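Read from first to last, the chains carry the letters A, B, C and D; within each, the first residue is number 1.
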Amino acid sequence: MIELYILLIASIGAGIVAVEIKDLLASAISLGIVGFSVAIIFILVQAPDLAIVQIVVEVLTVIIFVAVILKTTHIDTTLENKMEVRDYLTKGVFVIFGIFFLIFSISALKELPEFGKPIMKIASHYLAKGFEEIKAANQVAAVILDFRGYDTLGEATVLFTSVIGVLTILRKIGKKK
Amino acid sequence: MSSFELLIILPIIFGFLGYLVSFLRNEFYFLGAILNFHYAVRIFFISRKTEVIRKTFGIFNFGVDKLSGFVLLFISLFTLLILIYSIRYLKYYEKKKEYFYYLLLIGSISCGIVLANNIITLMIFWGILLSLIFGFFQYTTKNNSEDAFIKSIFILGLSDFLLILGFALLFVSYGNIPLNLKISLNNNLNILAYILITIGCFAKAGAIPLHSWIPEISKVMPASTMAFIPASLDKLLGIYLLLKVSYYLFDLNTNFTLKNYLMIVGSITILAAVLMALIQKEAMKLLSFHAVSQVGYMVLGIGTGVPIGVAGSLFHMLNNTLYKTSLFLTTGQVEFWTKETRIEKLGGLAVNMPITFTSFLISALAISGIPPLNGFFSKRMIYQGVIYLYKEGNYLFLLYLLAAMFGSVLTLASFLKLTHSIFLGDRPKEYEKIKEVNFSLWFPSSLLAFLCILFGILAIPLPLKGLIYPSLPFKIEEIGFWQPTLAFILIILGIGIGFVIYMWGAIQKIEKREIFIGGESLKEEERHFSGDQFYSPIKEAPLLSKGFEFGEEGSFDFYNYLKTILGTISLLFKKVIDFILEIIYQTIVYFSETFGSLLRKFQSGILSDYLVVIFIGIVIILLILIL
Amino acid sequence: MVPYLCCIILFLIGIYAILTKRNLIKIAIGFCLLEYAVNLFFALIGYKKDALAPIYTNVSQSKNFVDPIPQALVLTAIVIGLGTTALLLSVAVRIYEKYKTLDIKEIKRLKE
Amino acid sequence: MNYLPLFTALPLLGAFLTPLLSKIWERLSDIIGSIITTFLLILSIYSIFLLPIFGDLYVYEIGKWPIRPIPLGIVFTFDSLSLLMVLAINLLSFACAVYSINYLDNYTARWKFWTLFLLLIAGLNGVAITGDLFNLFVFIEISAISSYALVAFGVEKEDLEASFKYQVIGEVGGLTILLAIALIYAKTSTLNMADIANTFLNENKGTLFWFIISLLTFGFLIKSALFPFHFWLPDAHSQAPAPISAILSGIFIKTLGVYTLFRLIFNVFGLNRNNAPHYFNLLLILGILSIIITSFITLKQENYKRLLAYSTISQIGYIFVGLGLSNFFGIIGALTLIFAHALSKGLLFLTAGSVEREAGTLDINELTLLKKRMSFYGLVYTLGALSLAGIPPFLGFFPKLFLILGAIKEKMLGLAIILGIFSILTLAYLLKITNKVFTNKEGEEVKENSLSAISFLFLVFLIFIFGIFYFNYLQPNLINKASEVVIRGIEYARLVLMK
């Protein structure tokens, strides 16, 4: 599984670049790198459906980012400003938060089942039943369309909501004078 | 439907009809009040005949005993009288439809309070009354008067909350109990509940240190509101509840300290408020301070725990509502024509308004405790109760007695001043053509003044044996009636001092000299002397040393010493009491000013600041929950 | 354990961007990183060593599959993430039109 | 009760239909919106009578996937606590929908409003009835995303700013919740809440357990805007259109923050004062802090809606005090307050909308100088304010009473006094508006709009009627049963899985 670790570290590195780089276009591209590494990780962990969706969504996300950056500005001018006391405070709080979060999550993650050995309490029933009852070859499709179909309705609704939301927000005039 | 529901519901329904139908408005309102009175009389007579009647509707439980029957009768009577009065008095008032509706609602809900027979019912009706009073105040304020309004809401709301908290304590430990269990005041929780409830009663009735809303609103409310809320209704309710809680729900005689607590509050109220009243220059405010001072007697009487004292205090409550309402109403009558309540601007109206003057004078004499008017009897009974404490070995009684008697003297003094400056003395020229007010205006106050005389002359057969004694849960022993007691002597002494002071004032008035201002002689009509300067030196004498200066001017006579001492005490009270009062209110204002503005800085508009606080929050949550 | 921890680190990078960056687009990028981190974490949970993707290729195949449920959930979560990112960015564009800046510290008309 | 999915399906249907039908005639969206909210209201009232027949718990298995022996599909669990929330949501959303019909004349793009409004309602109803953890998250996101868009509905400078800040903070909360759900799934390998509860029952409560609880608490406290996570609320709630402010303040934060926390903490994780005193003390302290601090801030507010928004935070503080006390009285107080605050704060925000329409401003100082009389709004506002401050006979009195009783029961007299004093302070700052905006005005009387009058009178009627019949009807039939659900705690799992 060495490639998994490489990809994880690559995505972390690309993430840092995306956050810290001054050119916003470059940072959107770095974000794309993170997204694609995530997609490849999905393939590595035997989730091809996820990888496909992730790639589609990633392309869309990058396109949206690029569109927004082109519409606004592509240099992060805020990085040029001098550090104020407030910024040091923010960084300090982040460091404190990060340390505690890491410590607690390490000790919490130890109590999880080991990586690569999921419990699969419900899932084993799905796998046992899935093919016979639903006649679906793809079990993920069976889950999203049948067992947990309501979530998929919710997913579609979220997408619909955000489309309407974006349309609402992009109106030029909201209030009648 | 029995009288119980009809008593409460009919005024609400007729009031609503009146609110809707404009051309029959006064008739509907009047009908509502009359019906309320009718059923109150019926319930009163029922309560005379039988022991206790109860009616239950769900969790609501109403009951009437002899005490509540009698209070109910008077609440309803006052609602009716003040409605009659205000229909004329507020004829040109803009928002009178709301005003009258609120008036009727308050009347009927107060009946509900008196009829309430368990904790929940009482709490709910008490709260409804609070909200109605807020509404009422909103519709009756004269002009933009935010401070007085907010302050009165604050004090009333806070104390009513404490009252409800007190009942809530009882609810937690005893459940929804009826109000006549005579729980003994031995454990701490009960004592706490009792104290919290008394705080509510004090604020309603207006005892120090929760009195200040009454003088405060007196500046901005019309006379009819003052006569209705602080003078009659809240006295009846506050003292009724105090009595009910002290001798029916709890048994005050089981706790010696609490008795003294009540008596101390009572004594301080008597003295401090009357001292404040002495230096007022505005008739309404002066009256409102007296309204506070008289509460002291009632609280003192209830605190004695002696049957005669408690009976006296109940009688005093009745008397006080009679004459104090009458005083507010007559002052309102004067204001109706003159549009003026500042004492210095008034004078000599006795000739113009004889009926008003007579009612005012009778009520003023009654409040000062002059025999044979009713105020004398009730105060005397309270004195007797206080003196009786001697037998129980409570030697503080002397202090209470002195406070009460001194208060009585000063009441007389201040009413001489008021009577003189409004109705006697020089009449300003512009008031020469003033006529007597309309029947519907003078009728209520005259009726009340008549009741003052009636209850004074026929005190024993009528009010005492008819109303007061049966209402109380103890057997009242008569302590000799015309015995020359210490009390009587002191009363005479009081009249004497009052008379001396009056004469002093009268001499000042007669003495007329030419006045030169800037070398010119003042015209006769500009030389208007008024009684308001009687006690003004008291106000100007903040400290004893300062008082001696006055003493020098007046060659160290007795009166000036008195003035100086009074000045010091009154200043002390003004400073200390006002300080205590304001301190809660001001602290919160201060906190919201400084602390609040500091906190508002946190809402800086910058997202990263918000996120910083939020992430500090999660770090704290993690630390608390995991470690 | 280590892959999980990498997800947590990615999560922290996202938090870092949201917390300390002043540019609206950087904040949106931070959100994307947060979403990736959580999605990745979810997907890793379902991974089973030496198992196949949960797709039947023939009937007699052995049933040693990875957990399909997290995959289904992540599918939903990815789409939800896209929706929120799009909405956030559209607001950012409008803010740029109105305020002529992307600096979050300049955008402080609402305070106290 | 197999109509249960309709609670979300009806508004979703409406939301999908609105864009299509409004192309024919724009006003059709008003009709769809109001008809659907009316139907939802009827359904939720009908459920009050139907639920006891099913033994106060109805489990709906979506797609007929059985819950026994192992919960394969998503289930809706509808018990008395959900009923209380659904009732509050639909009562308020009905009033707001009726109110919006005329109010929307001020805005463009009527159909977008209605679509988002119905999505918001669908999300809220879904949160209240779902019995599946991930489904809960999906519904939270639906309602949250539609609320982000609705806050910015006016697309003015301030609206966008408020919406952005709200989104950033809200999504941090949302993603934390998702992370916690992932951890829960990794640990239990199930998503059904009852099943999770059963699994956790037998586990020892180590770091992972508390880590999950902290993440969830963090997320839900952000959603419920408790101090110190409240910063987004004054901006978002004061900038949204009035009916949306009413829903956000009245029911949104309580469904997404408080109800979910109630459900997860008590029913799923089985915490109570005995086994986790520090957790409840934490909530109690945060509740007290939010009451105190926001009351002080509120006193100096000069903007009508901002003042109301801040007051919401302190009322949330009251709810959390009840949650933190977590004894019988405290829970009853908190649940009643959820209900009472929904109605009265909704009412107050709706009056704000009408005042803004008449006056064109919400600055209290400018409103003081306004030469218009709005006595009807004034009356309605004052009634709502009295209820909110806890003056009987209105509904708002009882929660305050029960919270005080709860504090006394826990022997915290100081807390009882704080609750009371700040309740009076609530009255003081709310009546500041009455005094400055509505009373003692000259000028012409504003003419009343019949539809908004209907929604005002509807809410006033509810506040009054529920107040009068609190002990006779509301408490025994709704609140007590809902509090039983909370107090029974982990018993919930057994009941759901037995159905």
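Definition applied: a residue touches a chain if its C-beta (ideal position, glycine included) is under 8 Å from a C-beta of that chain, and two chains touch if they have at least 3 such contacts.
Given the structure is predicted, the values throughout are model-derived calculations rather than measurements.
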{"item": "Reference subunit A; chain at largest CA-centroid distance", "value": "B"}
{"item": "Chain closest to the assembly centre - both centres taken as Cα means", "value": "D"}
{"item": "Gap in Å, rounded to a whole number, between the CA centres of subunit D and subunit C", "value": "28"}
{"item": "Distance from the mean Cα position of subunit B to that of subunit A, given in whole angstrom", "value": "70"}
{"item": "Computed distance of Cα centres, subunit D from subunit B, in Å", "value": "44"}
{"item": "CA centroid of subunit B to CA centroid of subunit C, Å", "value": "68"}
{"item": "Residue list for subunit B, restricted to those that touch at least two other chains", "value": "600, 603, 606-608, 611-612, 615-616, 618, 622, 626"}
{"item": "For subunit D, residues that touch 2 or more chains besides their own", "value": "134, 138, 141, 145, 148-149, 152, 155-156, 160, 163-165, 168, 172, 186, 189, 191, 207, 211, 214, 234, 297"}
{"item": "Where subunit A touches two or more other chains, by residue", "value": "90, 93-94, 97, 101, 104-105, 109-110, 112, 118, 120, 122-123, 126, 148, 151, 154-155, 158, 161-162, 165-166, 169"}
{"item": "Overall pattern in which the protein chains touch one another (line/ring/star/complete/other)", "value": "complete"}
{"item": "Subunit C-touching residues of subunit A, taken from the complex the two chains share", "value": "4-5, 8-9, 11-12, 15-16, 18-19, 24, 27-28, 31, 34-35, 38, 41-42, 45-50, 53-54, 57, 60-61, 64-65, 68-69, 71-73, 76-79, 81, 87, 90-91, 93-94, 97-98, 101-102, 105-106, 109-110, 112, 114-118, 120, 122-123, 126-128, 131, 137-140, 142-144, 148, 151-152, 154-155, 158-159, 161-163, 165-166, 169-170"}
{"item": "Contact set on subunit B toward subunit A in their complex", "value": "606, 608-609, 611-612, 615-616, 618-619, 622-623, 626"}
{"item": "Residues of subunit D touching subunit C in the complex", "value": "134, 138, 141, 145, 148-149, 152, 155-158, 160-165, 167-168, 171-172, 174-175, 178-179, 182, 185-186, 189, 191, 234-235, 238-239, 297, 301"}
{"item": "Residue ranges of subunit C touching subunit B (in the complex, touch as defined)", "value": "15, 18-20, 22, 27, 104-105, 107-112"}
{"item": "Subunit B - residues contacting subunit D, complex", "value": "58-59, 120, 123-124, 126-128, 130-131, 134-135, 138-139, 141, 143-144, 146, 149-150, 153-154, 157-158, 161-162, 164-165, 168-169, 171-172, 192, 588, 591-593, 595-597, 599-600, 602-603, 607, 610-611, 613-614, 616-618, 621-622, 624-626"}
